[in-house]
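Look at the two complexes coming up: chain A is in both, with chain B in one and chain C in the other.
Right after this comes the complex of A and B.
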């Protein structure tokens, strides 16, 4: 299933270096990847392994030091503001920390209205816009009427992340990068967020790049898994292949970390 | 936003600072409406008249109504006014040196002391070992006590312009009084006059206004330059950042004040107006604002809300105005307030060195300090020529720093008490 669709995002030798001299950090080190349309890809690695940096390069938010990224088989061109805007119609993201992902000076309305505008709906009548926003909110079980005139920081972390999903619902991009969308959320809300994310992906058929440090979660959601260590992809393949038959010691360690957590949990409840 | 403003005005420190500043501003604007003499008009013939109420002697004598008041202590006051305790001790010293036995002299018995003085003092006699200045001093004392115990009034006479003959017009008795309200010319000089005989109060109010203007212009320029450069360096980064940081570092290693002195000097006295000086100050003091803004923008531009804004297709200007500026606005406001107060101080520093605005047009707080120093007001003990200026400078900068601390407490929750 993994290689059945068309290529939608791929890269060769993609590298990111921050700073220079003594402050030089090699955050992403010559990674190759090929993501196909409709696929769910997990990128798994410890914190600091370069997942977010790679995601930002894929999104075109930071420059690529070396290597090439291909979008739909062609070299990606985001050299001008207009081309970037066009690119961002196709690729969107949900960030790790919802508390820093919103402009705290703007009301929630503004966030959703921006999405309608980016989809070319800026000229729609007001009622239609409200209808779209209401629909998007109810998709993630939020009440639009209660959110208007509220500021993002008046919501809980889980609600904010759900609003992010509502945003994606309005934008309907071809590719969504979800960068540890549940790691900053309280445990109770995590499953809900994940459910909405999967529901949205099933409805739209978009390519989902799911970034996580939890290999168990990656096994649960994805078709293809890329294991990242110190900025490099050390292992990749179908989820079953990588997780049931890991070849790399790093992968085995990531896997062995998962049950450990449950063991500890079991001990404490007995 | 409204919430923040509300908090700002609930901060005690900010309120106190704001009130002081507003009071100064109100005085600066209202005072000229009441006292209409130009601030640099010379009214006094002579230097450093002490603070007080000045009554025209001529108008007092010619007051329409003369009142008679029999005050029991009038004579004692009159004597005390012209014969101080110091004078009495000096008189005793002279008399003893002359040969009058010390035990016969009682300096508290005015009548006896004056009689002994009258009998023995000779203005032309310079006692051995006495300095010339001391000799002159005794001559002055002698003149001032002349007719001190007289109960006769003073005769007012007019001279006939043709014959030169004097005709008696009236007699001013010791018990004659004039009501101040009847006197045509009374001038209150709250802070006296300066070395040129100009009213210090009027000058001070005008100077405070000009200095505030200089601070405001300098602050606006410095904050604008610092903000724009800081934003560019921080947001665009790369080569732009390198160039801006190079210039900023240059300005940092050259002490700003030295630069200020050099520029002011090269502009030349004739072309240095108050606004010119303000512009020069502004152009030399943006460095710290630029640095601070840059580092704040640096961390802001990597925040996810900026990334989200980009992903939403917002153009660069909108990202800067909507996603970056609001987050540094509080800091910029605080920097602006500090720039105003340091601009006022910089002008004062320059003017004290004689490199301030040209002196013929408007007074500034720094120029007033400069004049007071050149004419040695501090050595002569003419405190009214410089103390009020110092206090005004201190008050204005203090109020601004207070406002700044208040704002800091509102914007920086870690400092809240």
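Right after this comes the complex of A and C.
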């Protein structure tokens, strides 16, 4: 395990309630977690189990109804716009749909320049900026010279997702939340994307949080796995422990639902 | 010899782009499906899987154009039929298609029963509302779906339920062949299993006679299909039984695809994923030789100039590579 033991992001009793009265929905129900620096974490659950809501709360995109989130041991403070921006320098996300993640009217170098600005590199000379952008593109095996005058829609899904990783490479956040990063792209590009994300973790020592329903992916990448059901963590532990020796019936069912190649896939238990 | 439900001989179709360029997305594809069998088509995005599915139905509309080849569905040759005739007499009755984002096909302002009514009336306008409702109800009961769904709007249904509803609508007119194009790619594992179970039940009860299943998820394909066809850049590069395709692939591209499998099974955690470098060629002007040559580890000078035919090896097995079976096997052993 690559974690150095320092707490990076943790939470106690984090709860999110949508609506009230008759429409009250408990999306995330008093979850506790502790993510360490340099660790790869997967949060696995079915659709509607509250994974994405939790991710949005971690990112500070929606408010927390109850409970506290701690960033590097201190209480997270995102009460003002400036503090929020400061927080977002440390935490970034990759979303499921790369096609809708970009501003259609911005060319690709504008996308990357924004990242340099956010890091406080707005005053750098032009050559330095180009050097940084070229470096970021070559990290994910894209050619900056070919991309510079293009718009995002001219790229394929896999290329867009790689560009997203190039963005993260420029921003160098402490935490990266990847919300279903590979569910929209095909299995062949998936291996590439995962490899880049893991390389990024090895080089920068960031904490990677995967939000996914793909247990195969969770097993492949992560050090620690959290299984989520109806807004609660039902099981957590190291990947081998949780996925090969599940204790909870919910986890067992989830794993039995994945098509496998060496074991029989039992269709009768739906 | 079992009855052949769908036979395709040398089918070639092309797209004509805005700039009048020809893109041969399906290039001399032949296939045959026997009664009760499921054919799986694998390949990465942009290699012509979905275009092949569209072409199989014989229903062409610009920018897709028919070039050559024959399509025979259960003994009936539908080559050269007018698109309107195909739509009225073939689609839905002989062959049905579930597109990739099928669940978005439901009209959000109308109930599911109205949607079924539209499908049925398009083929036979004499059906009354009562007849449609009874038919839909018995169909849903047979497929294990709750009949309340019929009176609901699509927003009231979950993703998996919507997908199963769309499959039910697709088989309303009891087609012989069903083409499922990534029916479960947007669903989580549990809903995916339900969808697959439903398709399997349809096959087993003889409701549909044969199925084509398109996906890039190999573990899923392995569990669903009897035979697997691997497509690359509009061509078939390998066809084999599911077991052979997954455990003993011959073509370097299929070998590469198998390297990207992720499954939660013990011993497979630290297996290094082998991604195939590069991207498929642009089909506007495909390379003259083997289309995979640019990305192939075992490429030879000859590969880039001479086009490679599909070699048949044994029963039900073919691959498209200039290297012989033994040479390929030896190369794979040395490569690992």
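One rule holds in what follows: the second predicted complex is superposed on the first by the 250 of 270 C-alpha atoms of A that agree within 3 Å, B and C clash if a C-alpha of one lies under 4 Å from a C-alpha of the other, contacts with A are read in each partner's own complex, and residues count from 1 in each chain.
The working rule: a residue touches a chain if its C-beta (ideal position, glycine included) is under 8 Å from a C-beta of that chain, and two chains touch if they have at least 3 such contacts.
All of these numbers come straight from a predicted model, not from anything done at the bench.
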(message) After the superposition on A, what does A:186 contact: first (chain B), second (chain C), both or neither?
(response) second
(request) Could you tell me if A:72 is touching chain B, chain C, both of them or neither one (first, second, both, neither)? (result) neither
(message) Let me test your reading of the model: by the given contact rule, A:100 touches which partner, first (chain B), second (chain C), both or neither?
(response) first
(request) Please tell me which partner, chain B or chain C, touches more residues of chain A. (result) C
(request) Look at A:238 in the shared chain and tell me whether it touches chain B only, chain C only, both, or neither; answer first, second, both or neither. (result) neither
(request) With the two complexes superposed on chain A, say which partner A:90 touches: chain B (first), chain C (second), both, or neither. (result) neither
(request) Considering only the touch criterion stated at the top, classify A:56 as touching first (chain B), second (chain C), both, or neither. (result) first
(request) Identify the partner contact of A:213: answer first if only chain B is touched, second if only chain C is, both if each is, neither if none is. (result) second
(request) For A:156, select first, second, both or neither according to whether it touches chain B, chain C, the two together, or no partner. (result) second
(message) Looking at the complex, which residues from chain C come into contact with chain A?
(response) 44-46, 158-159, 185-194, 196-197, 200, 216-220, 222-224, 246, 256-257, 259-266, 268-269, 273-276, 279
(message) Show me the residue ranges of chain B that touch chain A in the complex, using the header's touch definition.
(response) 1, 303-305, 307-316, 322-323, 326-327
(message) Residue numbers of chain A touching chain C in their complex, please.
(response) 46-48, 156-158, 183, 185-192, 194-195, 213-220, 239-240, 243-244, 253-255, 257-263, 265, 267, 270
(request) Using the touch definition up top, name the residues of chain A that touch chain B in the complex. (result) 56, 59, 61, 81, 84-85, 88-89, 92-93, 95-97, 100-106, 111, 114-115, 117-118
